[in-house]
Amino acid sequence: MAQKREPIEYADASPEVRAVYDDIMATRKIDWVNNFWKVLAHDPPTLRRIWSNIKEVMGPGALDPLVKEMIYVAVSASNGCRYCIASHGAAARKKGMTEAQYSEMLAIVGLANETNRLVTALDVAVDERFR
Amino acid sequence: MAQKREPIEYADASPEVRAVYDDIMATRKIDWVNNFWKVLAHDPPTLRRIWSNIKEVMGPGALDPLVKEMIYVAVSASNGCRYCIASHGAAARKKGMTEAQYSEMLAIVGLANETNRLVTALDVAVDERFR
Amino acid sequence: MAQKREPIEYADASPEVRAVYDDIMATRKIDWVNNFWKVLAHDPPTLRRIWSNIKEVMGPGALDPLVKEMIYVAVSASNGCRYCIASHGAAARKKGMTEAQYSEMLAIVGLANETNRLVTALDVAVDERFR
Amino acid sequence: MAQKREPIEYADASPEVRAVYDDIMATRKIDWVNNFWKVLAHDPPTLRRIWSNIKEVMGPGALDPLVKEMIYVAVSASNGCRYCIASHGAAARKKGMTEAQYSEMLAIVGLANETNRLVTALDVAVDERFR
Amino acid sequence: MAQKREPIEYADASPEVRAVYDDIMATRKIDWVNNFWKVLAHDPPTLRRIWSNIKEVMGPGALDPLVKEMIYVAVSASNGCRYCIASHGAAARKKGMTEAQYSEMLAIVGLANETNRLVTALDVAVDERFR
Amino acid sequence: MAQKREPIEYADASPEVRAVYDDIMATRKIDWVNNFWKVLAHDPPTLRRIWSNIKEVMGPGALDPLVKEMIYVAVSASNGCRYCIASHGAAARKKGMTEAQYSEMLAIVGLANETNRLVTALDVAVDERFR
């Protein structure tokens, strides 16, 4: 039994999996599906569940769509998930993120990781005015 | 020698530290300094250096000031730094962040942490189109 | 001096290192040693110490051997250690883990990472009944 | 606007939120709701979404219910989420986890965090037999 | 069954646990045992195993004892473990760490956390000269 | 627009970027610049800012230069940043770090990651004597 799960292409997918692929392409107005979903497809309930979460959370809401993608990229950059940076970075660029904005976001991610450690290590008490 | 560093108040601060406190208050147009800086003040070069970084990175740039604060909060929430969530959350609220926007940002932070782990654990290959 | 430490094969190993390799193979009833140990072998006291810890912690105890391997894989997946997922995943499969069980474990790892961030960011107080 | 979100009690909850509380109590066969849900209730769509995920992922499946809770606790312990350790630890104890099993699980969590770092730092190559 | 494990005092400890306490006090030339060991004492094999690891790793070796404690504190500060910062920070101070050295170490921890994220997010290729 | 940022060589760099490269080489007394800076060069203000931080923090101070590099490597090893381990590991070796010292540092990193999780999961109270 191989450990590594290979992407399941549309042609080889079950009707259940195809239905999710179709919804991804329709929602995103694109004609292909990226590897994350094709690998998740080995576990159809998880594929369906995660897609439904992404669709709900990343759909129209109180925040601008580009801002939402940038927050996703920022967290992924902080966590060091290269695939997630690549895929959500592409989505953000498609929604208008410039290189200058990307650089600025990365600078914030880096600096926040620095100050987060200083604050935690120094065990700084929350100011009364912030409560 | 006590381990815990207590905040150094303005009245007790050296001229070097006061100069940074003054710049923080002038830049932010407020009349007080929050605990993070007062604890960092035990190490004046670090106080000056971190403030200079924050001032440069969080100052005017390619991204909207509110978006910048939200990215800072998102990374801090992902890293679990309560003080940073409180202080940058307050800054974001001051710049107009609504509760609905805060909730949406947190939902993205949570979901990104979930998918980041799935992607990394499944070792998904970056799609050619994302390169 | 090369930085990267290459695996030390049995034939090239010192008697001290061979003794650990022999014990690994005897304990696991296999006829080979995986790369982790061969790289650790550059530092014999650490090789011996880590193996002795693994042997004690992962040996017979209060939990089912398969459950123990799955907990190891779950933590490694959460931490994004690909080698550890591969090696302990193989051990879990050998002890009977099915693909459906692996998928279910990964789903829990992902979801826990999501809720862990929400709980920490929202600073939820521990319920009296949980104390 | 206060930053800290206080738990929303059943008596003060909207019908939409009460419906989720009711489902939590019915599914778990208990007569109270823990703080995590009461704090999430400030954001009803997230409350409903996260509960629906937990219900699906932690419901009947390929793994024993106790094993599922223990994997949840193990990841939460590795991530240092005290609330999550307390709540899922209570659930695991209710499903039969003994103190000896809890100790053994924690020992695995600690050791995996040690070896995860050694493996990553030493950049150990995945053995051919593990692919 | 209470979840929280209270420290087990010497007077209430089993002979097996007392033997570890005695060895801790003798090795460190002190007349008390800190809470970490008293909480681990609920699980004697783990108490003994972790102490034996600490004794071996933190004992005399190729690095200066103060440097070893500072590395321990640096990792703990990076991981946000307050207890570990407090206990190993106390040990480092006892071995001569000055406040200036502590500040400098924290500055490195913060900066490394910043650059670690930038490097990982930007997926910088390792230079040939570093291999 | 390509996502991956390629290193910017000296010959192709702007005067602003060259000035930083020149300072890096002069400060370190070397005749080349490593990839981290060449990739950061796509964002000159960040290049200048991060270099200025590194120069200040890693310059002469209260700690021995080799100890400073080792703390940098230890944090990077704990965070799993391979590039950072390679680059700061090379710097540490140049300053005299032996293989035995490197092994000992890694052992501390691994052990601290183990005990950090045990302490956090068990929620050990800070001893009065450590305050």
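For reference, chains read A, B, C, D, E and F in written order, and residue numbers begin at 1 within each chain.
We take it that contacts are C-beta pairs under 8 Å (C-beta built on N, C-alpha and C of every residue); 3 or more make two chains touch, one makes a residue touch a chain.
Since the model is a prediction, treat every value here as computed from it, not as a measurement.
Shared contact partners of subunit A and subunit D are B, C, E, F. Chain centres here are means of the Cα atoms, and by that rule the chain farthest away from subunit A is E.
Legend: contact pairs of A-B compared by residue number with C-F, E-F or A-D; the interface matching in over half of them is E-F. Between subunit D and subunit F the centroid-to-centroid distance comes to 35 Å (mean Cα coordinates, whole Å).
Centre-to-centre separation of subunit B and subunit F, using mean CA positions: 21 Å. The geometric centre of subunit B is 28 Å away from that of subunit E, both derived from CA atoms.
Across the assembly, subunit C contributes 3-4, 46, 49-50, 53, 57, 78, 80-82, 86, 89-90, 103, 106-107, 109-111, 113-116, 118, 120, 122-123, 130-131 as residues in contact with two or more other chains. Those residues of subunit F whose C-beta lies close enough to touch subunit E in the complex are 4-5, 7, 32, 34-36, 39-40, 46, 50, 53-54, 57-58, 61-63, 67-68, 70-72, 74-76, 78-79, 81-84, 86-87, 89-90, 98, 100-101, 103-105, 107-109, 111-116, 118-120, 122-127, 129-131.
By the touch criterion stated above, subunit D contacts subunit B in their complex at residues 1, 3, 42-43, 46, 49-50, 80-81.
Subunit E meets subunit A in the complex at residues 77-78, 80, 82, 85, 106, 109-111, 113-118, 120-123.
Those residues of subunit C whose C-beta lies close enough to touch subunit E in the complex are 2-4, 45, 49, 53, 56-57, 130-131. Subunit E contributes residues 80, 86, 89-90, 93, 99-100, 103, 106-107, 110 to its touches with subunit B in the complex.
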